[in-house]
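For reference, chains read A, B, C and D in written order, and residue numbers begin at 1 within each chain.
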Amino acid sequence: MSQALTSTKFGKYGGQYVPEILMPALLELTDYYEKYKDDAVFNAELDHYLKDFAGRPSPLYLAKNLSKEYGIKIYLKREDLVHGGAHKLNNTLGQGLLAKYMGKKRIIAETGAGQHGTACAMAGACFGVSTEVYMGAKDTVRQRMNVYRMELMGTKVIPVKSGSQTLKDAINEAMRDWVANVETTHYMIGSVVGPHPFPTMVRDFQSVIGKEVRLQILEKEGRFPDSIVACTGGGSNAMGIFHPFVEEDVDLFAVEAGGSGMKTTDKEALHSATLCTGEDGVLHGMRTKVLQNKYGQILESSSIAAGLDYAGVGPELAYLADIGRLKPCYSMDSEALDAFHDLCRFEGIIPALESSHALAYVKKAVASGELGDIVVVNVSGRGDKDLETVMGMRT
Amino acid sequence: MSQALTSTKFGKYGGQYVPEILMPALLELTDYYEKYKDDAVFNAELDHYLKDFAGRPSPLYLAKNLSKEYGIKIYLKREDLVHGGAHKLNNTLGQGLLAKYMGKKRIIAETGAGQHGTACAMAGACFGVSTEVYMGAKDTVRQRMNVYRMELMGTKVIPVKSGSQTLKDAINEAMRDWVANVETTHYMIGSVVGPHPFPTMVRDFQSVIGKEVRLQILEKEGRFPDSIVACTGGGSNAMGIFHPFVEEDVDLFAVEAGGSGMKTTDKEALHSATLCTGEDGVLHGMRTKVLQNKYGQILESSSIAAGLDYAGVGPELAYLADIGRLKPCYSMDSEALDAFHDLCRFEGIIPALESSHALAYVKKAVASGELGDIVVVNVSGRGDKDLETVMGMRT
Amino acid sequence: MRIAEKFKQLKAKNEGALIAYICAGDPTPEGTKEYVTALVRGGVDIIELGLPFSDPVADGPTIQAGIQRALDGGMTPDLYFRTVSSLKLHIPLIVMTYYNLIFKRGLEKFVKDCAASGISGIIVPDLPPEESGDLLQICRKNEVDLIYLVAPTTTETRMEHILAEGAGFIYLVARLGVTGARSDVATSTGELIKRVKTATPKAVGFGISTGDQAAQIIHAGADGVIVGSAFVNIIGSGQDVPERLEALAREIKKGVISN
Amino acid sequence: MRIAEKFKQLKAKNEGALIAYICAGDPTPEGTKEYVTALVRGGVDIIELGLPFSDPVADGPTIQAGIQRALDGGMTPDLYFRTVSSLKLHIPLIVMTYYNLIFKRGLEKFVKDCAASGISGIIVPDLPPEESGDLLQICRKNEVDLIYLVAPTTTETRMEHILAEGAGFIYLVARLGVTGARSDVATSTGELIKRVKTATPKAVGFGISTGDQAAQIIHAGADGVIVGSAFVNIIGSGQDVPERLEALAREIKKGVISN
């Protein structure tokens, strides 16, 4: 078993910290994934759905007005234009198709704000697989439109009343369901988190983002960008755009949510900056950086951007941060809001609050010169889902 | 002047029924449009924005599940994936760029549900032109999220308190503004309506839809479809997809809103089926089919789909209907809702209620065989904007 | 009475014309007769009686409100012609309305109804010369004047054409914008009056509400002024309407004869 | 007392083992001592004392609630070891917790604290053998048993490996799912018991709450049963807790000796 072991980790991070019941399912999933990952038929079918259903490739847009405003050449990777309004569908189409190939009759998933849940519902309807999504009871109230979107597409949304009734608890509950129904059910994790093979598999499915950027930026600039900036919750949009550049001379910036302040108490963090401030731990099946107290109890994280509000982070990001290949950084709630307004006003694009964290970092980092001359920012999603939140901030 | 006259009409429809003040502006606009319409630089710039900003080309998606369900091969033209969530941006980018070339400092527009207004706000921000949008006061309340979207992008939304406080009155008010500020201001009409050159110009800007379909369907089927179905309010998404096929052997179906019933009183119509039931008249600068009472007073129209809720229709559609080149038809509110749910459930795509009228017609027309074997349906927009409406219908 | 005749009379007296607009049926069909009478008492030379249309794009808030009151009060084209027939005025009467009401009634019938009910001119603010060929022919046949508008934006070529076709008087739009009372006279107004070179009388409208403004405009070379919103405002107030209509008419009329 | 010794004693008496789980600190640290004593009085052979973790993915609603009460009551790893040290039991004590608490404390320190406070075994439901190499070595060095779980889904190859490594007893997961009391015995349970061929004692957990179920399981060839949710339910009720814990323990114990 030590052979499989080596490939489950990124340095010391990653692994498979799950109940014994699930181990065979993870091994089965790994086998199927290995088998289809480079399979021509599988990839042709996936490409078809990415193109005609999801609307890929998403554009790489030179934001002229914002570039002028911020004083650096800014390209926006337009994941906001992907069906459903975020990069999340890249992953659910990949996993959905794999689940179909595996003969799974049922898909379960967790969701925080509802973006991943919506993407699951879309994939579920598209592939005709019955889908159930766990969502913190608090989140089902805060994001009732997304609940409704999922229901419209035939997905059952199950409110989770345990713990803090948010994303972390939804993951816990989805894992419990998986433990009970592992033989018929595929658990569709929504980011580069969880036990192996999820972090690798989700990264690969999301790498379509970075692969497109490679071609697009060469066409537009004849060279790679100096830097790439992406917001980081679990880290899937970040790894998706970073991965194809890891071997290149391009600086990578993973922007976490600084929340309302970089402080923590014994039970909660006022932020979600796991790479920046978390400590090594084991959560949701993986070893990674975790927001935890001195005993190892997981903290409740927070952020104005529901999609970044997570106490863990993908193990590969923890590894890349450790070896200095990416720079972990953060933007505060207020900075993200400011950048949100900038992109709306200067470019006519309403970004997700998650993506606004990446934009905010560009705004403040320009002065230091660390971003170079040309930066690509991953606009991981559109902000329509955030309008109520932003309206609530108006004074 | 009789020479210009000939080109302003489609048969007996169209023309320029506007106050004298505006005539020179219409002539100027016509001149500029004639000049840039085939200009290589203008078109290269427009193509750039359509591609990188708007996300074109939009996919042509074979809806396998729905095809099976309805019993006919259904392709969906995915305008729902265009930036902003509808086809409207194709037009506002075109007019916005033209306004910039014309040196206009200000853009005004009318909007009903807010889709065209949002598209104007996007174009305005993108091109850095100050933008103001007239919107019926009732609509500003019903569609407050769209009001907020426009405001976020720096557009001023002006509530119109006259008349029925909806789209018709917003158009009236925008025309009044234009009359007062015609020298500095471009009036960005949102559909193939209004005085010449708008019906022609907007059709041309929207024709990108049909041009893409030509290439896409040839690639997928090696032939043109038997029929194309599009919902019709003002008629811009319909003309946009129809126009490149008018000379081909493809049947065209313009689906109007049958509302809650095909009846009218002296003041209002329970529907918006102008092509189907309207009579010749003159409204908003054009001669066309109009919903009016026996004296020629314009009726208040109605539809569950705000974007179809209009008492007029583009003059070219009236002409094509008269000569038998397109078939006017309608779907009721309830049929549209039913088709809306079908597309959500079977395909994981939430269509706009406008577009749902086109889908509903396909559902009921299949039996007659009039659609042939392969139909293309224009999914003119996404339904996120309609969730509140549909939720309100749940019992 | 034909419009040309009226202008000839006034010219003889060296007076400018006061043309008063109110909307038929605002707020009731009966009210209109009373108000027209009051205006005539006040010295108005020509009455321009609006036939209310549901979507009056050339009108500002004041007249829109008047039109709405008229529609709510039940005014229709049929009733309009009956009302007009019963007026029995000794001054010219002009109908001002939007094209769809004419179109829907049928051009021929509409113009014949005008002629039969004593209307001597038609103003259609949304019908530029490009679209008015049919109506013009029918008007000529029936000896009803189709009155054209010119605006500060009207180009020279268009101006020539309009002046060649226009009958009754030329309606000079004083400023860019819609109808509505203003307190000043736009500088563009004087320029426009100079640009319009024609033997046909020139009357200036849009924004005139006082005797002073009227005097300035006549002084600048116009043959008459058209006043609408100022009267409709009074009707809208509902207070001492006939008396105040008469008084305002008298004041403005003083302005147009003061030269 | 070492776990193996306990099983040997029971084997000699031809008795099955009753292993009782409750969560330390539920609902207060003091309560735990009282409840453990009650369970021992009821005839429990081994105590499995949960160290509460914030995110217990392998546990069902009943035990989650117990864990939440314990955390709210202020239970921490430090306090846990102090509490355990003061228990002074004459039967084996096992800690059941999730890996992050062990990891955070430091594997070495955690195991030493176990040994020092009289804990003879460790169960970590989210630590499969693939990830447990380090902990296993440290456990062996400190003579603490690392108890492995096998499940109905465990394949033959994995089973072999687990049986080779496991110490104390093998924890057989009776059914797919999380902890929680059930009224039946899954058919998969019997099959699993047969599949697990080892000299190490086999104890079956997940879903057992009655003496009848316990009897069936022992009859099927297991060496012991693990009962958790049924006890935690009693604690959750807050009513006559010690008495009812003791009574239930006695009933189930009767089941495991009835063979």
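For the reader, a short list of remarks on this structure follows.
Keep in mind that, in the parts below, contacts are C-beta pairs under 8 Å (C-beta built on N, C-alpha and C of every residue); 3 or more make two chains touch, one makes a residue touch a chain.
What you are looking at is a predicted structure, and each value in this text was computed from that prediction instead of being measured.
Contacts with subunit A and subunit C are shared by B.
The centroid of the Cα atoms in subunit B and the matching centroid in subunit C are 37 Å apart.
Per-chain CA centroids place subunit C at a distance of 97 Å from subunit D. If you average the CA atoms of subunit B and of subunit D, the two centres end up 67 Å from each other.
Because contacts link the chains only in sequence, without closing, their graph is best described as a line. Contact between chains, as defined at the top, is found for A-B, A-D, B-C.
By the touch rule above, subunit C contacts subunit B in their complex via residues 53-61, 64, 68, 71, 76-78, 98-105, 125-131, 148-155, 158, 161-162, 173, 176-178. Residues of subunit B touching subunit C in their complex: 1, 4-5, 8, 15-25, 27, 162-163, 168-169, 172, 175-176, 179-183, 279-285, 287, 290, 292, 294-298.
Contact residues on subunit B toward subunit A in their complex (touch as defined above): 51-53, 55, 58-62, 65, 78, 80-83, 85, 121-126, 128, 145, 148-149, 152-154, 341, 344-350, 384, 387, 390-391.
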